[in-house]
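The structure's right below; bear with me while I get my questions together.
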Amino acid sequence: MQRIAMLGSGFIGRFYADSLHGQRSRDRVVAIYARREESARKFADDYGCSFFSTDMEEVIAHADVDMVCIALPNNLHEAAVMLCAKHKKAVVCTKPLGRNADEALRMMQAVEEAGIFAGYLEDLCYTPKFLKAMETVKSGGLGRILWAKSRETHPGPHSEWFWDKEQAGGGCILDLGCHCIEIARNYIGKEVRPVEVMCWAATQVKPIDAEDHAIALVKYENGAIGQFEVSWTFRGGMDLRDEVMGTEGTIWINSFLRTGFEMFTTGKGTAYVAEKAESATGWLFPVGDEVNELGYNHMFTDMFTAAEAGREPAETFYDGYVVNAVIDAAYRSAQTKQWEPVRLPVWRGREGLTQESTLVDYDENHYLIKEEITHDGRHKLILKDKATGRILERDLI
Amino acid sequence: MQRIAMLGSGFIGRFYADSLHGQRSRDRVVAIYARREESARKFADDYGCSFFSTDMEEVIAHADVDMVCIALPNNLHEAAVMLCAKHKKAVVCTKPLGRNADEALRMMQAVEEAGIFAGYLEDLCYTPKFLKAMETVKSGGLGRILWAKSRETHPGPHSEWFWDKEQAGGGCILDLGCHCIEIARNYIGKEVRPVEVMCWAATQVKPIDAEDHAIALVKYENGAIGQFEVSWTFRGGMDLRDEVMGTEGTIWINSFLRTGFEMFTTGKGTAYVAEKAESATGWLFPVGDEVNELGYNHMFTDMFTAAEAGREPAETFYDGYVVNAVIDAAYRSAQTKQWEPVRLPVWRGREGLTQESTLVDYDENHYLIKEEITHDGRHKLILKDKATGRILERDLI
Amino acid sequence: MQRIAMLGSGFIGRFYADSLHGQRSRDRVVAIYARREESARKFADDYGCSFFSTDMEEVIAHADVDMVCIALPNNLHEAAVMLCAKHKKAVVCTKPLGRNADEALRMMQAVEEAGIFAGYLEDLCYTPKFLKAMETVKSGGLGRILWAKSRETHPGPHSEWFWDKEQAGGGCILDLGCHCIEIARNYIGKEVRPVEVMCWAATQVKPIDAEDHAIALVKYENGAIGQFEVSWTFRGGMDLRDEVMGTEGTIWINSFLRTGFEMFTTGKGTAYVAEKAESATGWLFPVGDEVNELGYNHMFTDMFTAAEAGREPAETFYDGYVVNAVIDAAYRSAQTKQWEPVRLPVWRGREGLTQESTLVDYDENHYLIKEEITHDGRHKLILKDKATGRILERDLI
Amino acid sequence: MQRIAMLGSGFIGRFYADSLHGQRSRDRVVAIYARREESARKFADDYGCSFFSTDMEEVIAHADVDMVCIALPNNLHEAAVMLCAKHKKAVVCTKPLGRNADEALRMMQAVEEAGIFAGYLEDLCYTPKFLKAMETVKSGGLGRILWAKSRETHPGPHSEWFWDKEQAGGGCILDLGCHCIEIARNYIGKEVRPVEVMCWAATQVKPIDAEDHAIALVKYENGAIGQFEVSWTFRGGMDLRDEVMGTEGTIWINSFLRTGFEMFTTGKGTAYVAEKAESATGWLFPVGDEVNELGYNHMFTDMFTAAEAGREPAETFYDGYVVNAVIDAAYRSAQTKQWEPVRLPVWRGREGLTQESTLVDYDENHYLIKEEITHDGRHKLILKDKATGRILERDLI
């Protein structure tokens, strides 16, 4: 059992608490910190916390607290982590870890020096579909991974601090791109170094300083390409999709808008409003169990099991720092309009990888380019002469 | 925490144990009964049970056991329940409750007389999508429910006893129809009496005595219609779909084959085989977290929470008995080729319901049949004259 | 080139004319009959017809007319066909052919005696998807067909006469069931005799005398089962789906609501209203080219090519008559609550078919029931002993 | 009626001829040019052409020929167009128009100087779904277009010349990107200037000199972003998807792999192989009527109607030239790793566009960022103070 201090009583803090109390049904949020007392008190009432305060350190240091869960605006993560390190409390921190890689690196070093458990709450790398897909990828079902896309687009976040560049550190790249980057990195392989990033970002619609729409490519050392698409200006709900392509297969995952649950309602019958949808009538696409489908349950189970077993969770502060470094490169690229290198002063993966060849020999003298059965029943080969480089067709009879 | 005795070490027993150990992560299967000692021993090893035996009563009566989970062939349910009643052990029983309503009624009466907790393991009434859909239906989002369909078709069950009419009590109606009937009954309202059943059943493909394909209609007292389609001869995997239609809306749920997870594999890269699919290459449709998507997690959570709180679970032996009574009528109907009444010697729901009128007045003299905006921009009404019964069109300008 | 007289200037007449003028772009509607002169004149203007009249016979007999297209309420089909026979004009007639099999049989006999070309405008047996699916079924891709379902549900028809039992001859069974029956009959094989029907029908919502919702099973002589689901009370648009199941495969076709075209609109940007949808905002599901997707183009191409080549079209008055006979049985069954025989005084297909056996020998002594690779890697067989009938499991190693 | 000379007897020439003969059923391919006499003769036999030759000019100049259809490898387009200009024959040319913008510009200028009809065969801008989506976009249903993606990926082309960089002029960018670019350009508005391109391209799998995978962003003068994803290394069939996002809505189109037609087959029943699929068993996704769904029918209808009416078709050589110019920029960008300007020596659209503001005033002092109804029933606004730029939350009561 874990006795948890929640830092932050907003949307994500409540989502976390729902999962924490629901999933293993023996962990408890015992203390809550919020900036405003009335928010802290309300949260404490709602979730049965025995202690609440507007003094963050008091909450972290409280004797009943085993583990601290950071659910605060981005600009407060570092200070909260430093207090956890000071008081030697296990800590799990919401995404993104920092507003930039410098912050993230300091957090990582602080928890490592303090010797405390630290987990990075990257929930979308814990969804049931993601976990199953990763099994397939790891078992080789897709062959060599060539391309991993991830997309998160919706009409914009819930709380005001997201829209403020100083508190958030950026716009939809930090808020949503952090998910997409880590998803692609898992599929391509965490040991493979992300080397450079090309990013387009724009403020297309919203009256804000940060970007509300961005697309980026992340090149990995082994030639694989990661891709993310993020937007706060998408209409139609929350679109969460991943696509992974390899030499031997493809995986498409839809985590929210099209999951086999479709509903039409005239709205006459009821005051019911489907969650997160942009409309309450017509065709709606609810999700069965949001907390589970978004990965919270499997995430906290991994975090607590890891903490109890003295092992690392699947997503660590190191991972958070690598993600921040990729995001930093994306922001630089959006400015310079160049491919920008990913700066990783600490790198614990592999070095010097090159693109693996997957040339297929057809015979001694030819590579196989393609084999196909056409409309008219031809069994056709397209070959390349190894010596001359000439491309030729050949029919199998 | 629940200390559970599992009766049966087969496919479903293992599925249950995976959910039991995984979900709340504090309940344990402590004892296992199987007919063959080697099966019992293997299960005990795999799941860490401290006790195993081929003597069912010994397992049920064991002092460490709080709750008995029946995961046996249908013909052994009654005897197992009677032993639970004798030893005053809480009991949860897999579906269908009995091979027929007589068996089911005796089981229900036995647990009620013994005063023990009893739950009916109808997992498909606990899937995340079903629970969410039920919320909408209960809140009136679909208006009055007119039609509830449920379909379960696949290429046939795993264990040999299913295919034996004596042990199973029947074919795919008992195996799969029990799910569909209870799903429709939930949507239409458990308090509404199922009055008669028309069923077609055939042995279309398999060399067995029981039916491998059936379709039935279940008429409810309030005019709503339930429908089930079940097959052991379907090709393409396990197709689990529900459709609910009401005066104000529609819900479509796909619980297995199309859930937003699509995968193509050449099969060259790996020996991986996707679960339950009929093929291991080409397009496959895995499910993220089967145990959760099939409802096992939410089911056991409800069962144990109910047992601990001293309340009834959402699915009781009474429900299992009603389902068996509908199935009995279906089997009779398949024989007599008539609508057969559902015989319910015990009925605890409402009586004397009639079809609710949903006529819509357009004005004092007319009912509204339909309002429509057509291609060419007409805003058209179809009305019925209350006095003459004549149908007329009228354009709104 | 065909010079066509259109009888009827309503919704379906215009739909037909759009297809006729668009598809081969050389056929012309030259004359139009409507009951009201202003409707006839407007249609003539819109489609460039040189002749219009409220006298049906005058239009049919007009010297410029090669072919008559009947797009009238059901109660006027017979009279129109008789006039075509009298004036020896080729005729194509909308669905259903008659209000009942007696009418349909008289029409069939009239055109055959007159020796004129006659085609049955069953458009849903000409959709691109249906035609492609039929190729697969005919080539054996699904093995022996066991079960063919077809469903058409929507919120009700456009014109007032549909809602009037005298003019229409019935409700949604006649209007929509005629499609579903012929679709299933094509898949199962037109040469196979439909023998009996079980039908449930009800007036669930609308203030009308006819049924607004029905479900039926049609048993074929070879053991195959046809199934239709029709409703005028469905909410969410027009749902057109077919499902065909055989011993070796499955086909699912969605012809309208889910065809790979999805759209969300706030409705703020425009006055645009998507066709046939029940709402103009939120998620909508348009169809690319309705006239083509609903089969009109391929239907008229077949009709005219057949007429020009002196051969029969794929859908004839004989087919229309068989469909009416099945519908008659459905209506009787809804009354008697019995399986009702399909009365076919004229039958041109095969006789005396029985269910084909598809038992699979495993070895000399056993039938194969099922072969499966389970979770834990077992390669498992379920067999039946030919002599004893006993079911057994065997593992392949 | 059009009397057509087909240049090229390969895969695409046959696809075109199928559409030409099928659609209006009065146009005829009367002459065929192929490089090898046996190919020309076979094509002439198959399609009933009265004339065939291996001399291109002879075919073009033939007295019976009204219109020339170029279905040749990319390196032969220019020479063919020049001969059409010389002989004043109307011409339609397959995509891409040239191997680069210089070739394309010369072709455009030649036909304009010759005063002949010229059409660009960009079929994917004529699919039924595309045409319908364009209607919605033009009517404002999506508001201001922000982002238009198009994706075409498959396992590689059919003929050997595609794989040869000299004949094809490049790899999948030229072959597939040309579609995607023109699709996005239509959605964003043909009058809006594409200004710069960022492209990543790689040879990931195939033993070829050209790219087999590429992703690019195309920036338009008004701030809209076009995006394309193309691959010859995708596994699973041909994936054709477009996504358009605007301030008021979203459109998703799937043109091939998920169109509401799903099929499972064991492959035991038949030798049938579904077209273009990578497998012949398991789950397959056929397309109802390929020639129609891929836009060929509507394309040729537009071309011939335009030629007969003396107007321009929807897709002209000018459009082909703009597409080539964007492709040139993409290839330069893949080399320089910079955003590269689109060089358009001839530009006939609008100039000097800027991003349209869509700021929404909430009141005199605030912009509206977001309005939302949250879980707990709050009706929440996120606003921006116009004077201070501060972001704030406000609840509506």
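We just call them A, B, C and D in the order they show up, numbering each chain from 1.
Simple rule for what comes next: a residue touches a chain if its C-beta (ideal position, glycine included) is under 8 Å from a C-beta of that chain, and two chains touch if they have at least 3 such contacts.
All of these numbers come straight from a predicted model, not from anything done at the bench.
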Interface residue overlap between copies subunit B and subunit D, same or different (over half shared): same
Interchain centroid distance [CA atoms averaged], subunit B/subunit C, Å: 33
Computed distance of Cα centres, subunit D from subunit B, in Å: 49
Chain centre separation (subunit C, subunit D; CA means) in Å: 36
Multi-partner residues of subunit D (at least 2 other chains): 235-236, 246-250, 264-266
Chain contact topology (line, ring, star, complete or other): complete
Complex contacts: residues of subunit C adjacent to subunit B: 11, 146-147, 153, 155-156, 158-161, 163-164, 198, 200, 202, 204-209, 213, 215, 217, 219, 223, 225, 227, 231, 233-236, 245-250, 273, 275, 337-339, 355, 358-359, 367, 369-370, 372-375, 380, 382, 384, 389-393
Subunit B residues within the subunit A interface of the complex: 24-26, 127-133, 135-136, 139-143, 246-255, 258-272, 274, 286-289, 292-293, 298, 301
Residues of subunit D touching subunit B in the complex: 235-237, 264-266, 278-279, 281-285
